[in-house]
Amino acid sequence: MKKLLGDEVSKHNSRESCWVVVHGKAYDVTEFLPEHPGGPRIILKYAGKDATDEFDPIHPPDTLDKYLDKSKHLGEVDMSTMAAEQKDKDPSEEERLERIKRMPALEQCFNMTDFEAVAKRVMKKTSWAYYSSGADDEIVWFRPRVLVDVENVDLSTVMLGTKVDIPFYVTATALGKLGHPEGEVILTRAAWKHNVIQMIPTLASCSFDEIVDARQGDQVQWLQLYVNKNRDITKRIVQHAENRGCKGLFITVDAPQLGRREKDMRSKFSDSGSDVQSTSGDKVDRSQGAARAISSFIDPSLSWRDIPWFMSITNMPIILKGVQRVEDVILAVEAGVHGVVLSNHGGRQLDFARSGVEILAEVMPVLRERGWENKIEVYIDGGIRRGTDIIKALCLGAKGVGIGRPFLYAMSAYGLPGVDRAMQLLKDEMAMNMRLIGCSSMDQLNPSLIDARGLTTHTATVPEDTLHLSCYDPLVSPGDKVMPKL
Amino acid sequence: MKKLLGDEVSKHNSRESCWVVVHGKAYDVTEFLPEHPGGPRIILKYAGKDATDEFDPIHPPDTLDKYLDKSKHLGEVDMSTMAAEQKDKDPSEEERLERIKRMPALEQCFNMTDFEAVAKRVMKKTSWAYYSSGADDEIVWFRPRVLVDVENVDLSTVMLGTKVDIPFYVTATALGKLGHPEGEVILTRAAWKHNVIQMIPTLASCSFDEIVDARQGDQVQWLQLYVNKNRDITKRIVQHAENRGCKGLFITVDAPQLGRREKDMRSKFSDSGSDVQSTSGDKVDRSQGAARAISSFIDPSLSWRDIPWFMSITNMPIILKGVQRVEDVILAVEAGVHGVVLSNHGGRQLDFARSGVEILAEVMPVLRERGWENKIEVYIDGGIRRGTDIIKALCLGAKGVGIGRPFLYAMSAYGLPGVDRAMQLLKDEMAMNMRLIGCSSMDQLNPSLIDARGLTTHTATVPEDTLHLSCYDPLVSPGDKVMPKL
Amino acid sequence: MKKLLGDEVSKHNSRESCWVVVHGKAYDVTEFLPEHPGGPRIILKYAGKDATDEFDPIHPPDTLDKYLDKSKHLGEVDMSTMAAEQKDKDPSEEERLERIKRMPALEQCFNMTDFEAVAKRVMKKTSWAYYSSGADDEIVWFRPRVLVDVENVDLSTVMLGTKVDIPFYVTATALGKLGHPEGEVILTRAAWKHNVIQMIPTLASCSFDEIVDARQGDQVQWLQLYVNKNRDITKRIVQHAENRGCKGLFITVDAPQLGRREKDMRSKFSDSGSDVQSTSGDKVDRSQGAARAISSFIDPSLSWRDIPWFMSITNMPIILKGVQRVEDVILAVEAGVHGVVLSNHGGRQLDFARSGVEILAEVMPVLRERGWENKIEVYIDGGIRRGTDIIKALCLGAKGVGIGRPFLYAMSAYGLPGVDRAMQLLKDEMAMNMRLIGCSSMDQLNPSLIDARGLTTHTATVPEDTLHLSCYDPLVSPGDKVMPKL
Amino acid sequence: MKKLLGDEVSKHNSRESCWVVVHGKAYDVTEFLPEHPGGPRIILKYAGKDATDEFDPIHPPDTLDKYLDKSKHLGEVDMSTMAAEQKDKDPSEEERLERIKRMPALEQCFNMTDFEAVAKRVMKKTSWAYYSSGADDEIVWFRPRVLVDVENVDLSTVMLGTKVDIPFYVTATALGKLGHPEGEVILTRAAWKHNVIQMIPTLASCSFDEIVDARQGDQVQWLQLYVNKNRDITKRIVQHAENRGCKGLFITVDAPQLGRREKDMRSKFSDSGSDVQSTSGDKVDRSQGAARAISSFIDPSLSWRDIPWFMSITNMPIILKGVQRVEDVILAVEAGVHGVVLSNHGGRQLDFARSGVEILAEVMPVLRERGWENKIEVYIDGGIRRGTDIIKALCLGAKGVGIGRPFLYAMSAYGLPGVDRAMQLLKDEMAMNMRLIGCSSMDQLNPSLIDARGLTTHTATVPEDTLHLSCYDPLVSPGDKVMPKL
């Protein structure tokens, strides 16, 4: 078959007819534009051009095969005929490369936040903008026991039937290749080494099979699922995962629409500013808002009525990821699912969503009152950065915690050794802190070891504060004498 | 009739005889001086001079006809005989014009606060000082539901019988021409486009009729009313509004005296410093204080006894704007009015006045206890900047919210397209946030979706803090060695 | 009698024999040194020298006659024979004089804090250090009424039988001449003009009689009393005051020892550093601590048992100034005194002492429960800077408030016109705020108009915070790579 | 015996064979490396070298005799044959010496925090890093009594049978020679002078006997004990202390593992960066974590079962140091011990450990309810910097307080005179504050004198806040216009 020429491709550079080239092949994405979860604008920027560099870190390699109808695969392009993209020299990128040279040694990192600080310095600004987010500072105090034999501390526990060395799992985070060229398989290898479970994200940069193939020995993985409007696709994904050995199905229930992330939007805007054609009210680009909601990738009509169907298509235990109030945990128990993850989606979705640990403090007393605390496994994720954070969650009643971004930061800065050290630091911290609170095994953790009254005061930093303060004019004292004008 | 000459006009330049020229006509305002709501000093600055530039943005065009007795209209002036005002070159104005050139594109604004930030950069300092004010940061947390079908979200609701597309209205804000030369009619057009109601302010820069004339189709407007001591004037205003089609009468009840706004006063002072003749205690200018209170424009004797009279002169629903405690909401129900707006007047009147949302949290449980929650429509205004703010208010029990300054900022920076985008952003935000809390229509919003306990801790920034801190000397550690003096 | 010569005087320059010259007369203060309320060191600095400049602003003119035995009055000095003091050129003083030239016009001050800001700029550093102190920020919110006729607002009330125009009095503050050469008589004149009561301080810079002589018409004054160990002196002071027409006796009960004021101490130290002879532990100067406590000027043994004696020597109403808890208010009622001032001594005595308004919120409910709220007049002082502060105190149940430092600041910066304007601003603010909360007279103020729950959270800035934070090293992120040392 | 030569010594410079020279003698520490409480790395830095300078300030002189088997003592070294260490010129050290010249006079220090500020300026950075830590700011307010005779204030009390002049003791702090070359004996001398008790630390820089030998007259000392895994060693230490006259045995129960102190680790890392050989995950140095836990110096298996044994080997009263919850105080009473020290180990062990005063507020009401408040003496330590802090603790029910770091700071900056002044300042402050709250002896202090409700709100600064905030990107307002790329 004859290859396409650059001249032909470059004509299809508009919303009316939009082709892009990826890895030497051309694709007609005109009809796909409104469906694109990231909005049409970012594609239009590469209309008629080679989009490979932009495409790679944020899409699994099988994306186009899976989601774009074969009829839109236009075949190979004679890349020698494509006009070379003129890349602007980017001073901030040069500074970044300088910073990478001065990057601290891995041994200079002593906690999760250290990795975050290094990642901030060495990552591309846009990648950092995608990963980063605000902090929750939930104030829970310890009430340690003393004079308890803590010579041997056992951090192991059992999650959904799997024995793990420490009660955290690697939770699903999107777009790992933004941080490291190998992507999520690095997390797979580190999880194996430390005998913890990895949850495979729907929106991974590596393909699902790549991540499963990276598994070693009897390593256990779970699947995180965004439910597609097309239930056949969903069914195929779930059954494929079960066939490939996944041991848990975590259905994301808190993302009927992807949140508008303003930091991300502002960062993207400056990237694609040249496409803006108008400042008039009539031509406002709405792609950031409603458009994404109608993407078929995430079904906003997903509801409790769908749970029995999931049970009918898989034998994996089913866990609802993103539950945010006790009433819904009760519904989950009644629906017969095996677990819930209490979460505010890392603070990325809804402003003023309570953190997982806060929701946990609301949930567990109600479950205990009903005698239901063992009817369902309760996890939390978001904001876990310390061994003490894990202990607090378990004292409150969680089975374990999910950790995501800290490992992304460690991976982005140092690759596999970074994630390895991050996990080891958490183990060391947690073992030490177990001794300091006077406990030697997970089953000894209980609510009497903490004072969680501060949780209800919600001291978390509220995002728009900083924004508004930049506009606020404080009252000022009188200035110098105002002289009469002559 | 012969035109007046500049020489003649310029003689009347004192408190004893004060003429001003506006749009080529002279007026004798000597007797009016003490009545001027803005105080006499600002008029005296233009005594014997042409005041048109200062007059225009802060007075409706029909002001002089309406409020100054015809006998004081002195007739046309031969403007060629008026001495030209020597304008000082103003470096800060030149910098402002530079900033306007670098103004961000409308698409770079992603939320209400962005408009505020841009407006701050591009508005005249005195106009900004008039518009701006401190922030309330009421901390209300969400308790979202999951697994609810939110594919279709309907933001519409009914306010005082009018169906609107989203539960906010454009509340009354004074002096729109300070921000944009066309003034409030821009808000009229944007409100039409987004099918929301505009409340017409008494102190608009455009005349009432101009604003009504800008109405399109079946667009609905309300009237905000400052009650004049002369009830005949008030009656005329109200009945004129009803005749012109207004569908609601919002009587401002929280402004028996206009608050002393110190930022504004300090800004005005530097503007008119040359008129200060003395620093002795005996000649202190009192115009900022008592003088304004006796202005007949706002009647400080307005009381509950006046409500029946209002009901007798109009068939419009009557809403009390500025109620600040539950006891008065109960009186409002008993008085038979149709609604209340809970408000602290944007924080512009009384320091330490609680925000609308706080008052709402006090009011609704009491109404519900009495079964009165449907006997009256409850609105709030002030501090609404996010879709989440609207949702929170409706969860607490409000029928809708008034938004004012954010639209002024958008208008000041970008005109109609700015207001259009601001309204669209609010719609997008609110639709997204409805999905994220698991609701698809306004009637589903209820108190169980929020955790409002933080409201009673009043975290709002208290204005004079910043002022006092600038005077405070913190304790310091010892300095260097004090050497013996030789 | 022959005049003393400078040579003779200058020999008495030690702790063993210490003479000082004041207004051309020599005094032997050797035995007086340990009694000096300000400690001996400051006197020793002028041993054998002319101390007039230092003496004047901080002592009433009759001090030496009153407190130093006649035998120690050594007679006149031939001042031409005294060696001229070599004054160092002081650059900070020159800068201060520059700042005075640029001092804002009085009309540029719009509130009490403005006066404080100006005073800070134009006062001598040591004087400012003596006057200034931290801020309390008690958060009390208003619950205003609306639709109440507030056309005429009457601020007058009755304090201890005297009708005043506004419910504040000028409370006793020490050393007025540090701020203005005329001292406290300026406050007398301003109080007359605004028909408020002045409390005459024991530690005034003007003599008691000078302040009484400055009285006009039927002006009312009260006496503030530090109780001397020698009750004869105390009796003489009290009966003299009654004879001169004072209408109230305010006995200070919260100062058994003058507080160590570290800002003041640090400021004084740098002033007298040359006298420090040693840094060894054995010769530590203790004058700042225990020495002052044994001063006979303030009797630390004063107790409830002394109250009947006070009642026996005067017919003036007796008020206890500085009560800090409800238990002591009850004792005060039982002791039959006429009033109490709840106060933390302006935050100058004890760290972590609660502010007057906080104590008031504790006291009044208990009094009301017992039906005692009219058995005693309750005042507060400290931290009153706004008309709203006065209103809040009256809503809580105070009869009135004492204001001290704000008037000192206004006086220091602008003299009598400053104090006049300050009082007028308070009247204007208070009248306006009365309208805004819907009240037209003092007797309408009541607890339902405020939300004082925030009072118990004590948000006042704690002094040593700032001090300690300056020593605190925050955790830091890892630095750059540590390179191997070659 | 023939002296060892430098050549021979320098060969043993690795983990496989590690010799070090201290005070002219060589030691084989190869087998000891994993036991070293400070981790092996710091020793390896001096493998084959003279470690005297590093060794001295942080080990008592009898350390090697006591803890290293005689067979590892290799005998004297001919120091003339040792290669001279090449010391780098250190600019920060030169700046420090400059700062020492400008050190303020002792009399310029007026409170504990002043000493801390001076110590920060004049101490070596690594020593400072070891000593310093964050602040607790517990907000307890006073409710002072007035009109109480406080002429004579008696600060004395009785602790474990010993009469002391003021209710604090010098608590055990490690490594005094980091601050001053003479070490802990300076504290012994100051304690004697002020008649307070010194607690001798296990980890002192001076040897136990040196500290006891520094005792004067009938001075009383206590022993702080880290319990060794080898109970024979522990028994020997305890009985030796009792024989040498110690009057109390304070068993540290809150340190089953020494906390990871990240500031300290980061400071040490930069000191020994050249030894880092790898950044790979496989060679991560674990010495900071698990290794230390297995050190035999502190037995992590210590438990309640051991208490009877301690009672069997000594007649000294036994006090448990580091109790952190009321349940354990009850166990302590039941175990028959004489006292507890409520403490969070100065905030150095466990993040989110509550301060001693907070635990005290939890403990005392429970003891009083059981009538047990006199069955055990309750002490607190940590964060005591003011006379008011001592008074608050006693009001809550403590018998006394331990003060450590403030005296270290005073000692580091000024030696014995510094500690002397620090203690005198505390006495002066406390006497003054006793007067100001209306109490003249310790037994008058009681809970009604304070308002401790603020304690439960935990306002202490949480360490990692500052760390995380350095990574946080606040939301920003839109930047300038993004111009189309040409």
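In this document, chain identifiers A, B, C and D correspond to the written order of the chains, with residue numbering beginning at 1 in each.
By definition in this document, a contact is a pair of C-beta atoms (placed from the backbone, for glycine too) under 8 Å apart; a residue touches a chain by one contact, two chains touch by 3 or more.
Not measured: the values here are computed from a predicted model.
Superposition angle, chain B onto chain C, using Cα atoms only: 90 degrees, a multiple of 5 between 0 and 180.
Shared residue numbers account for under half of those found at the interface formed by chain A and chain D, and the copies are therefore classed as meeting with different residues.
If you average the Cα atoms of chain A and of chain B, the two centres end up 42 Å apart.
Between chain A and chain C the centroid-to-centroid distance comes to 60 Å (mean Cα coordinates, whole Å). Of all residues in chain A, those touching 2 or more other chains are 105, 108, 110, 113, 117, 262, 266, 269, 273, 276, 457, 464, 467, 470-471, 477-479, 482, listed in ascending order.
On the chain D side of its complex with chain A, the touching residues are 253-254, 256-257, 259-260, 262, 265-266, 269, 273, 276, 279-282, 284-286, 288-290, 293, 299-304, 306-307, 320, 322-325, 327-328, 331, 349-354, 456-458, 462, 464-465, 467-479, 482-485. Across the interface of their complex, chain A is touched by residues 102-105, 108-110, 113-114, 117-118, 477-482 of chain C. Those residues of chain D that touch chain C in the complex are listed here as 88, 105-108, 110-111, 113, 116-117, 120, 128-129, 132, 134-135, 137, 139-151, 190, 193, 262-263, 266, 269-270, 273-274, 276, 385-386, 388, 392, 414, 416-421, 424-425, 427-429, 431-433, 435-438, 448, 451, 453-454, 457, 461, 463-464, 466-467, 470-471.
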